[in-house]
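There are two complexes below, and they share chain A, which is joined by chain B in the first and by chain C in the second.
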Partner chain A sequence: MNITHTILFSPVFLPLIAAAGILFIKSFCPTSIRRIAEYLGILIGMVLPLLLVLTLYPIVQNQGYIETTIGGYAKSIGIVYRFDGMSLLLILLAAAITLPSWIFSRKEGPGHSYFTALLLIQNSSIAAIGMTSDLFNLFVCLELMGVTAYVLIATGKKANAAYASFSYLMISSSAMVFFLLGTFGLYKITGSLSYEAIESGLETLSGRDQYVALFSLLLIIIPVLLRVAVMPLSLWLVDAHSKAPHAVSALLSGVLLKVPLFALLRVFALSPLASSLALPISYAGAATALIAVLLALSQSDAKQLLAYHSISQIGYIVSAWGLALHAGISTTTGSLLLAASFFHAFSHAQFKALLFLTIGKATDAANNRNVYTLRGANQALRNMGERVPLTMLCFLVGALSISALPPFNGFYSKTLVTYTLKGSLHYTFLSVASAGTVASFIKLSRIFLPSKHPMVFPLVKERKRFPVSSHLAFILLALSCLAVGLFSEQTILFITGLISPEEAQTYDSSFFFTQDNLIKTSITALAGLVLFGIAVSKPGKHVLHFLEKRRGGFTDLFLGFATALGALALFAW
Partner chain B sequence: MKRTLFIIKLIFILLILALAIFPVILSSHSWPVVSRDYLYENALSDTGAVNTVSSIYLGYRAMDTLGETLVLLVSITGTMGILINLGRENEEEEAVSFSLAPEKRATNAQRTHLLEVVASKLGPVVLLFGFYVMLYGHISPGGGFQGGVIVASAIVFLALGTETQTKLTNTNVLGRIESLSFLVLIIAATSGVFFESGFFGNPIKSGSSLSANFIILLNIIIGLKVGTSIAVMCIAMMGGRRGH
Partner chain C sequence: MVIERILIFLLALVGFSAIVGAKNIIKKVFGLNILNAAVVLLYILEGSRIGEQAPILGEGVTTIVDPVPQALMLTAIVIGVCVTALALALAVRLYKATGSLEIDTISERLRSEH
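The block that comes next holds the complex of A and B.
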């Protein structure tokens, strides 16, 4: 057991030590020490493992991966952990969003020590999901990540936060039962739980066992895709993301949607049976991008609008991801598609977290979440003690990023995704969806317009102080959006280098500012304006109002699950 | 109309799910034997546990056990959070809630002499049995989780059986034991890093007879952790003696 293996496990056990320490100090020490313990815990549990893991970067680049078993037991029976480029990227993604969200939560709620401990446990489970090479361990870590998510959603002060958490819990836990059944099926025919042994076991199968393998894989894939919220499986998302506290919403959209998707890559690599399922999933992703953006355009609640956008952007990510698997991850097209998919996931995490935090702060200040009636949100913020309109500026950074305008990260990631998809049906779907994104963000930005009737606020004697921590979180996220945009080439090279080092050498970034692409960007922006015009016209409003009422009930969650399972099974048959 | 639609949906869901799991459940493939034979030969020497089940869940797959313990910790934290929030919530807000209205939550409403006598006499015996299951987990069936749950039920018996509060039914004390045992569990899990056996490795792997100590230690900590946290939750649900 050498030092490399200890470093490898540090993102799993350091956050746990920190969480245990915080809980211990909470029940034994006075309040003043608790505060210090939380800061120390974040430092030890989140920043330190990140620095340690980055030291593994050269090893990953040279060898591809590092493999070890927990406790040093034999590989055939112990839990195998494999650290590769994707694990490193997922740990980075989790830390990049969790830190600003945590900073925001200090003053805007729920900033108590339990919350910090939960965040740390969640980060530890994310790191484990990224590294594990064992099917049952994946199940346990997904459950752990899920359970922290349910609890974090339920901390919301909004009425129905408990209900949103409960429906997510119900559908997600029921789905995980099927995951367990799938694990059982694969264990029965291969006699092992680690990916490597399952892979070699599946190669020698014949006859009826092929069907068992196929259906077991289906039962594993669909529950994980439920966490990712691809279209028929996405009904739980809107309530959960809009009712949660703002910091948690940022985390849910930014990190928790993407981690299972990229962990699934290893499951898909198990058998050629699985990779044949990737194509229909990518089509589902493209359809998701388009349908969800229309639903987003029809929402009147600001946070629900953002939640639908999360589904839509996940559609982009999933369609590139599915095509990457279809082409094969080790091929040139495949690795570029996968890099594009992760790059968009990363930038989406940044700008969506920024949007959730700024919109959450602004709607809280104005005490109104309706996009149609809320105007002059900036005035409300100033009344809360904000001198420089940083919230509005940071919101604009986020809005421009998600609308894919240069020089922000969204422009580069979306262009990379659509460029790699060029020539397929997905391309058309995603281009239309981009116009819809622009339109709905014009709609959302109107809340910062000065209102016609100046709002009357009760005079407050003492000047309120605007929390510095909120501004710090906004600025961190906005700057990272800008930085990833400005250094896009380095970022893409970094991601491609981790996914497949050979491809990084042949990468060429000349397509971003070609004439075609710039024309396409401006056409998309114009089409967005036109679409916005249609949306505010009378017939448009009618249609949108009709769409807004299309919400599923509790049974429909399960209906979506069954439909997805049935459709994919039919395709595989 | 709505009802028929609901029933049609339900039948559709059940049908699809059944069709999808049938091939997996009904497969006639013979059971794999590789792991069984491996465990039969090596489990005792690898982990020191006579009980092979213990050698799996505290040896080979201790990480999964830690994960399940964390799931329990997080879900109990969430439950306590919801219970405390609901206790504070004012009645004017008609939020969807999962607990009884405050006036229906009286602690002693269903307390009878019969219950008190039986529960208070049964409590210590069950407590002892819980610790037995916990401590002998490496030899006989049982272990930390099972023993912990029995300990929790004993604490609930004691809480039901006595009017006055004892140290054992005080949620503050129980909470302290819980957080302490969680910290010790994590430290025990990571201690292998400093003893050359790695994360979740057995740190006391010197002699051949000594190595079961690590399993016993983990069983005790997990048992305390599970027992106290479930007991805290049950006492809070019974009406919360936190303030007394």
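The block that comes next holds the complex of A and C.
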């Protein structure tokens, strides 16, 4: 085993070792050492593997991928890890959001040792999901990621968080049983669990076995899409994301929704049978983008509004992703679509994490989460000891990014997605959804308007200090939004280069600031304003209130699951 | 052969109907366990059909049972136990907060509290 292979395992094993160390020290050592251990753990478990993995970048660019087995067993027995461009991108995505969230959680809660250890375990499972090329290993890693997510959601102080976590656990774990069933089906007809062997086994199938293979793939794909929260599989998301602590919400929306989606790429590559399923999924994504943004517009709770937005933006990502698979990843259109999809996933992670953290901080300061009644959030923040209104400024950066206005990252990623989708039905859906996004963010931004009534705050004896760590997290995320926007061309080239190196040479960025695009951006902004005007009018309020009451219960989660399974099975038939 | 498969299918149905239909959250957790057990049994049953001798290599042992499904199920059982423990811990927390184990009552009381 050479040094490259050792480096390859570092993002999986170093975080696990660091997490074990943190938990050990927490049990046996005094508080001062514990804190040092946490900082050290983050350094060893998150920063160090990231730097190590980046050294593999030239090899990935030249060879395409690196392959190795755990423990040096023969390939037919051992667990095979395959590190390619997508694995590197997923590890980068996880680290880019986890670090600011962790910094934020230090002062705003839940910043204890368990939390740091959980984050590390989660990052390890994400790296493993990105690299594994074995179906059963994928199951184990997805479950591990799921368990950390359930626990992280339940760290919320209110019992609501426990309920959200319980619902998510029940639906997701039941779905994973079906994943196991699908794995069994593929194992039975091909006699293997590794992607490579399954792929060659599926090529020679005939007759009844082909139906078994298709149905097994279906059973694998649907549970993973449940984690991605495409409608109608998204009912669990709103509670889970809005009731979790703010740092966790940022992580859930930013990272955990996207990792399973891009891990699915390898499952889709197994057989041409699977690619036929990609088209209906992309339509589901486009519909999700539109419906979820309407629901977002109707919410009165600030964090629920953001949660519905996550579903809507996932719709963008999924529709580009599905069309990429439909066209074939190795084709020019396919690889550009996939790059667009990942680019939007990445910038969505940045601005949504920023929005969750700033809105969380502001609503906590004012102790009110209702967007209709909360005004003067800035005064409330000042009362908490904030001198410069950085929270509001960073929120604005996030809001402008998600509304796709230049020069922030959202403009570039959304334009790239819609540009690559031009001419399809998805394009129309997504364009309407963009106007909805603008409208709902005008609605959300009103919480920073000065209040008409002077706000009464309880007198505080000592002067409060605003935590520096929160500001640091905001600024990190806001600057990265801006940086990705300003260096959009380099970012797109970096992503395309990792997905398919040949296409990166033919990429041309001249379409961003064409007349058409600028007109479209201004029309979207105007349409957003008009939509907002309609939303605050009397009939509009009536409709929105009606929509807000449409909330699913526990049983509806399973109804959504059955619907998705049935619909996709019907299509495959 | 057919009867065993039907029995496993029925077991899975029992588990699934408990998850969806039962009102008590502890029963829901049991349902999840039963559903898990059904899949574990399916793996073991179908795995045992390949070959006939115990998978311990020795003299004269040629047609061993495929050991892979059994090995996989060990991992799956461990994961199932973890998830069950977590779900029961959440159930305890919900009971402490709302004083009920019925899912409808819990969600109603949590909503009014909010």
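In the analysis below, the second predicted complex is superposed on the first by the 572 of 573 C-alpha atoms of A that agree within 3 Å, B and C clash if a C-alpha of one lies under 4 Å from a C-alpha of the other, contacts with A are read in each partner's own complex, and residues count from 1 in each chain.
Keep in mind that, in the parts below, a residue touches a chain if its C-beta (ideal position, glycine included) is under 8 Å from a C-beta of that chain, and two chains touch if they have at least 3 such contacts.
For clarity, every value in this text was computed on a predicted model and none was experimentally measured.
Of the two partner chains, chain B and chain C are each touched by A:F136.
Touch counts on chain A: comparing chain C and chain B, the chain ahead is B. Looking at the shared chain after the overlay, A:R208 reaches chain B, while chain C stays out of its contact range.
In the superposed model, A:Y507 lies in contact with neither chain B nor chain C.
Of the two partner chains placed by the overlay, only chain B lies in contact with A:Y73; chain C stays clear of it.
Of the two partner chains placed by superposition, only chain C is touched by A:M170; chain B is not. Using the contact criterion defined above for the overlaid structures, shared-chain residue A:F554 touches chain C, although it does not reach chain B.
Of the two partner chains placed by the overlay, chain B and chain C both lie in contact with A:A162.
Touch criterion not met for A:F571: it reaches neither chain B nor chain C. By the touch criterion stated above, A:L181 is placed in contact with chain B and with chain C alike. When the two complexes are laid over each other on chain A, chain A has residues 136, 140, 143, 147, 150-151, 154, 159-160, 162-163, 166, 181, 184, 187-188, 555, 558 in contact with both chain B and chain C.
Residue ranges of chain B in contact with chain A, taken from their complex: 6, 9-10, 12-13, 16-17, 19-21, 23-25, 27-29, 31-35, 38-39, 42, 46, 59-64, 66-68, 70-71, 73-75, 77-78, 81-82, 93-98, 172, 175-176, 178-180, 182-183, 185-187, 189-190, 192-193, 196-202. Those residues of chain C lying in contact with chain A across their complex are 16, 19-20, 25, 28, 32, 35-36, 39, 42-43, 46, 68-69, 72, 75-76, 79, 82-83, 86-87, 90-91, 93-94, 96-98, 103-104, 106-107, 110, 113-114.
Against chain C, the residues of chain A that register as touching in their complex are 136, 139-140, 143, 147, 150-151, 154, 158-160, 162-163, 165-166, 169-170, 173-174, 177, 180-181, 184, 187-188, 193, 553-555, 558.
On the chain A side of its complex with chain B, the touching residues are 1, 5-6, 9, 12-13, 16-17, 20-21, 23-24, 26-28, 68, 70-74, 76-79, 114, 117-118, 121, 125, 128, 136-137, 140-141, 143-144, 147-148, 150-151, 154-155, 159-160, 162-163, 166, 178, 181-182, 184-185, 187-192, 208-209, 211-212, 214-216, 218-219, 555-556, 558-559, 561-563, 565-566, 569.
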